[in-house]
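Input: a single structure, listed below in structure tokens.
In order of appearance the chains are A, B, C, D and E, and numbering begins at 1 in each one.
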Amino acid sequence: MTELRELARRLLSEGTVNAVLGWEEGPRGARPAFVTTPDGADRLIFDPRCVHDLASYLSPRRPHLKKLGKVAVVLKPCDARAVAGLIRETQIPRENVVLVGVRCGGVLADPESTAPLSETTVADRCRGCPDREAKLADHVVGTAGAGFPGPSRRAQKIEELAAMPVDRRWDFWQAELSKCVRCHACRQVCPLCFCERCMADKSLPRWIESSPHARGNIAWHITRAMHLAGRCVDCGECERVCPEGIPLGLITRKIAQVVSDRYDFRPSDDPAVPAPVGTYRMDDPQEFIL
Amino acid sequence: MGSHEHSHEHSAAQPLATRIQHMTGLNPLKCYQCGKCSAGCPMATETTTRPHDVMRLVARDQLDRLTDADGLWLCLTCETCTSRCPNGCDPARTMDALREILAARTNGKNHNAIRAFHRSFLTQVRNHGRLFEMGLIMSYKLGGGPMFADVTTTPSVLARGKLGLAPHNVKGLEEIRRIFEACAAQEDGA
Amino acid sequence: MARIGVFVCHCGENIGRTVDCAKVAELCGQVPGVVHSVDYKYMCSDPGQQMVKAAIAEKGLTGVVVAACSPHMHEKTFRRATAGGGLNPFLCEMANVREHCSWIHEDRDAATVKAVDITKTIVEKVKRNVPLSTIRIPVTRRALVIGGGIAGIQAALDIADGGREVILVEKDPSIGGHMSQLSETFPTLDCSQCILTPRMVEVYQHPRIKLYSYSEVESVEGYIGNFKVKIRRKARSIDEDKCNGCGACTKTCPNKKIPSEFDCGLGKRTAIYVPFPQAVPNLPTIDRAKCLLFMNRAKGRPDTCKKCAEACSKEAIDFDQVDRFVTEDVGAIVVATGYQLYTIGKDQAKPNIKGYGEYGYGTIPDVIDGLQFERLASASGPTSGKIQRPSDGKEPKRIVFLQCIGSRDPQKGMDYCSKICCMYVAKHTMLYHHKVHDGQATVFYMDIRAAGKGYDEFSRRAIEEEGARYIRGRVSKMWRDGDVIKIQGFDTLAGEPIEMDADMVVLATAMRPQPGIDSLAQKLSVSYDQHGFINEAHPKLRPVETNTAGVYVAGACQAPRDIPDAVAMASATASKVLGLFANEMLEREPTVARVDESSCAGCFHCERVCAYGAVEHKEIKDRAGNVLRVIAYVNPGVCQGCGTCQATCPSKSVELAGFTDEQIWSEIQALGV
Amino acid sequence: MDSATPAAAGGFEPRITAFVCNWCTYTGADLAGTSRLQMASNVRIIRLPCTGRIDPMFMIKAFERGADGVIVSGCHPADCHYNAGNYHARRRFAIFRELIQFLGIDTGRITFSWVSASEGAKWRDIVNDTVTRVRGLGPFTAYRKLVVDPATVPAAKVTSKEVPA
Amino acid sequence: MSIGYFPGCSLHGLSREYDESLKAIAPALGLELVEVNDWSCCGASSAHSSSHLLGVALPARNLAQAEDQGIAEVVAPCAACYARLAAARHEIAGDATLAGHINKVLARDFRNSVKVRSILEVMKGALPAIGSKVTHPLKDLKVACYYGCLLVRPVEVTGGYDDPEDPSSMEAVCKAAGATPVKWNRRLDCCGGGLSMSRTGSVVRLGAAILKDAKAAGADAIVVACPMCHSNLDFRQKAMAQRGAWDGEMPILFLTQVVGLAMGLDAKALGLGRHFVRTDSVTTRPAPVAAGEVG
């Protein structure tokens, strides 16, 4: 923690950056923090409650951050994968951000939790996560726990669903997706949903019906999954913020598995590695094509 | 689907080339009669139906003429033809399939000796699980094989401790017999 | 409000027999927005087209739907008629009720229902069509020809004679290509050098041809009419302006034992060399890998030998020359990079290509290839035209030619026929018999493919009059025994095995594209087949075009070709190029993508999937000139209209004209229950 | 030929929407026509320049509009008129297919195929096979009912409560 | 290294010296031979000439035995056995329908997990060990390495451990034993194989051509790695002489015997006494040198 604060203080006092984006203690656990003065650096914390993916604040759609000019951002390894995505997709110039990696051994499922990090309280997506620190980062601070072994419970759930008859799977998802109120919090929080105008908001033509009913809902969630194929960094934010508790992580995780199995691709924090959708190999598998 | 995936289902009503393709997954019609197989065949000087002739007769659907084709029965299965075939036709495998088809036919005038040898050999394997060489020699020579000087040399073989006098039976003899029966049933069912 | 006219064609009986055309017209007439709906016997006839034109004027149509045959058949016809009626031609679409309906169904009711569906779908599409205008782009009327063999030479001369400037790039020190290595040519046996050399000189002296020899294409940008080509001029270590081609330098070079590429390793050359006496340009080149000075430099040792520089009275030798780059603007590119011969060795450049272990993997002395035989037979060759075998210089009395080495051999990786071998082997047997009167030439072949004017007569002559013995069969194995080569073959016509001895064997090895063709093709965005031969745009109707507009292909880089074929293709590319250059501006179909600047987020997924490099980065600036956003821009001159960008764009900010999301959405909508 | 004849009176006849590329499959379907190859009449073709242009949303929209099945077809690998559109499409379709399968849509309702301009007979087979297969699966009422009647949404047997965060 | 061992019928019969010599050198090469439990005949060419399924099922039973025993890879010194086992493995791996039939015929859950190695492949892998164990290098012994048909082809079956038209592994092993391989032409020709008994005339013709070529190339002995080749070239030399096709005495050695001799093992232990053509010219070699100096 001291290391993080010292680094933030130095970056701010030397004028390297105008703001440091990190986490601080809030009234209900950890919360994102903007620190603009060297003294403010003491507010910064990092512990397993710091679940939020701060990369989403770097999206050019967020004008308040843009006004600050060059900023530093504190990143867990998963957050760094999102930053790599933003760089890869020309949303932020690499030279405009200072990336401060924090070593991470997993975070809690709930940022408001006071429980210690354990096999029972760890966020499911952290199970089996191989990364302890961001290779992309300019600075890396802190120490990390050993992490938690996989497989995640989601992976088990996906297998369970895959084993169901197709119509039972349909029933499961209809029950889940019918809850969606189309608040679009999943879109808002996603670090890689940065479009100027989401196609869900486009009316000519309207591919995705906007009112919250089952038909529009499935169209929306299919679209979201397709757009995140090979891009989702598994930060878990969409599922965390869903007010209806829809297990969106199952969908993104499933797509990640498909991309990994078929194209041997796993999201990394190297912006130079091309995403699997938008590239191809002439001998890509095509067992489903007649 | 790879070339190895094939239906295995074939019937006498089909053209021979189709039948062979179903049995082996190979297309005999790929043969363009370059003769490279026969050029390398060690038995080409002793036979009149050479590998490329066999391929040609398959393409022309002449199963009857293959019944007595000497090259089919004198094949050494050395695979020289197969390894040099520019088209991957695998004449050796094709001839295996033809022998299998023709095994049912008993009207072959020639090369009974070769067939008799194969029969004796497999009988040994079926009865003992392993080849009992002495038994093979005896059964083959008595079963219609030509009586060559071998019988006179056999004592010298024995003198060198090369031939066992009693067969060794494997423990899984039951299994071996079951395999023989199952294979025969499968072939019949195909 | 849309005012659509629907015209249902009977196509004689072709549609009318299974589709109730009157009913289709009647039902389509009830679709909102359709103000005119009729059926007629032959819409494509002149009266039929007049009906369209008249209705546009009388009914004030805003769109035309012709329910008839496939758009591939008559879309152009009806778009022209629509334009003739005063409406933008792109407001006309065809509903395919013939190929996709009447011809494939017998049930009249079902076919009629389907025809109505098809037509209604297109009506909904046309309602959302917008007027488009053909795209006009300027043309730089200069051409680039890549490759200075006979195909490249011919293309360059034809284009230059047609009045346009040509840049000719050749990777070797001299132009001339493989044709310059040949002794005599089939089927006339005229001397190759004698007919080629004047053309080479003509290239050199042509006022409109700029020759870059010993140069390679480094990169290509742009699109038809507007290519920018970067050319690497490799350092030949000679000041071209000073050198007068006297040859003093090559005589003094101490390293005289380098196998000559021109003589296929049968002759020797020096480290500073002119590849052959008739070379164009007649300039020496220093082979830095073999020059003592450069070999010393590579080891960090001081320069020792400077004999060539000392011998040069013009001070033209420049040991410090470096590769230079020039950039040329051209409007069209002709690819004429030619071929190389397959070799039977164990090591092959590609994993799917195999060598011939059964023929000793190329380790048996006195087994040579066809080009080497050309050099042996050539009066200007290393043996001055005497047929001598490389191992001991003896004249071979028994010479054997093997055809189809690599060619037509799928197991070795090449399933195609190399086309020229049957003819040149026949020629080789004749040249051999003319020179070795007591010799016997034997040919192992599979088929004699001698289709061409005078070709079959030529190959028959080799057999009937000149004494070549042809044996039909591939050779199984070949090995060396003492100083003879043992051949194990089979005469498939006589039905007997053959074992024969030969003093020399000549292999007619397969023609393969030049190494590096794949990287050049990638630079040009042209496709190539599994062997590396450049794909033509259409195997019948567009044989010298590629699938990239403005890039043409001539000669053996497209497929195995003989000289007349290569020359004909070259002239065909020249006519294509000159046709393109006939106008200052180029017109293109407007089916191109356009970016919605207000919603583009600049993620550039579109750029990643564009096969043509049509997506550019565009900066959106404020009044002070500060860059606010960087977004995508589709260059309409480069875009070919596949629409992959649109399907990829997450925010649907790219639209392909003629196939917009709205149009397709409406078509799907029209099919609803 | 059996699939080319409509089912017995009153039987279910599937509605199939086909999205095909202009250069290969559309032309292949033209060839089927010029060859007079008879086939089932259930398919409605929408012509696109390239499979690269085919957005998964088209298929979703087709199901929304009552299609019981969908065909997506274009040029064989290495044959794309636009060099690589089909390669990009292939990845897109592969992911889409596994996604909808995961969401409970029977992938038997979608046929993906490569049909070249010379494969009129293959096109006929693709059409007939798809019609037969979708006829077997029955009408896609599950999708059609999505908006009409919320009551048809089954009570959750497995709910998110069981799914870990 | 522990490796499954499939001797095959010949190594327990006519060619027991091959078995003896392999077992004699195995410890020095660091090979622990684990014999496949209750192995049975591979079916040889008789099985696949009569029924394809039987030709796969008989070797498959042995692979299944090895699999049940926990053996990961198995060496079959007999070239014919090797070819049958390897071909069965290859065919089953590439054909799911056939795999299904085989499982049904064998009536067990066979996973086809056992790799099949030829003796050449194994000896090639043991080259460093051979080099370090040679005490009696076979200096001045010129050998003609004879591969015959089934050791190196077809490449789809062998996996390409050696070049099918220009192999080198046997030469490499002989060189490690201090011998000098000669260059000759008939090392891939067929010896007549399975026609030995039924058509001796063919075997005499083919065998004599091989012997003559080796002799012309200056070989003192021919080295083989197949009991069938050995029998056709060794046992049949007498018949060749009787028919006037051959008039010499060419010792025919198993590759394992060559390596054994170079390690200083006793000729009798290597079974050289069982040969029909005397091997004295080979066994009487110059004085030994220290181990490790050759190779």
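Assume a contact is a pair of C-beta atoms (placed from the backbone, for glycine too) under 8 Å apart; a residue touches a chain by one contact, two chains touch by 3 or more.
Keep in mind the model is a prediction, meaning the values are calculated, not measured.
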Chain C and chain E share contacts with B
In contact with chain D and chain E alike are the chains C
Chain centre (avg CA) closest to assembly CA average -> C
Farthest chain from chain D by C-alpha centroid distance is chain E
Here the gap between chain C and chain D, centre to centre from mean Cα coordinates and rounded to Å, is 36
Note: chain C sits from chain B at a C-alpha centroid distance in Å of 50
For the pair chain A and chain B, the C-alpha centroid-to-centroid distance in angstrom is 65
Taking each chain's centre as the mean of its CA atoms, chain A sits from chain E at a distance in Å of 61
Residue ranges of chain D touching at least 2 other chains are 61, 78, 84, 88, 92
Each of the following residues of chain C touches two or more other chains, namely 358, 609, 648, 661, 665
Multi-chain contacts in chain B, i.e. residues touching at least two other chains, fall at 45, 80
Pairwise, the chains that touch are A-C, A-D, B-C, B-E, C-D, C-E
Within the complex, chain A is touched by chain D residues 56-57, 60-61, 64, 77-78, 84, 87-88, 90-107, 111-114, 126, 129, 142-143, 146-147, 150, 153-165
Given the complex, residues on chain C that touch chain E span 346, 356-358, 360-361, 479, 481, 486
Chain E contacts chain B in the complex at 9-10, 12-16, 38-41, 43-55, 57-58, 61, 65, 91, 94-98, 101, 104-107, 148-150, 153-155, 164-165, 188-190, 192-195, 197-200, 202, 205-206, 235, 238-239, 242, 273-276
In the complex, the residues of chain B that touch chain C are 32-41, 44-45, 48, 50, 52-53, 80, 84-88
Residue set of chain C touching chain D in the complex reads 70-72, 96, 98-101, 103-107, 110-111, 113-114, 117-118, 121, 525, 527, 529-530, 547, 591, 609, 611-612, 640-644, 646-648, 656, 659, 661, 664-665, 667-669, 671-673
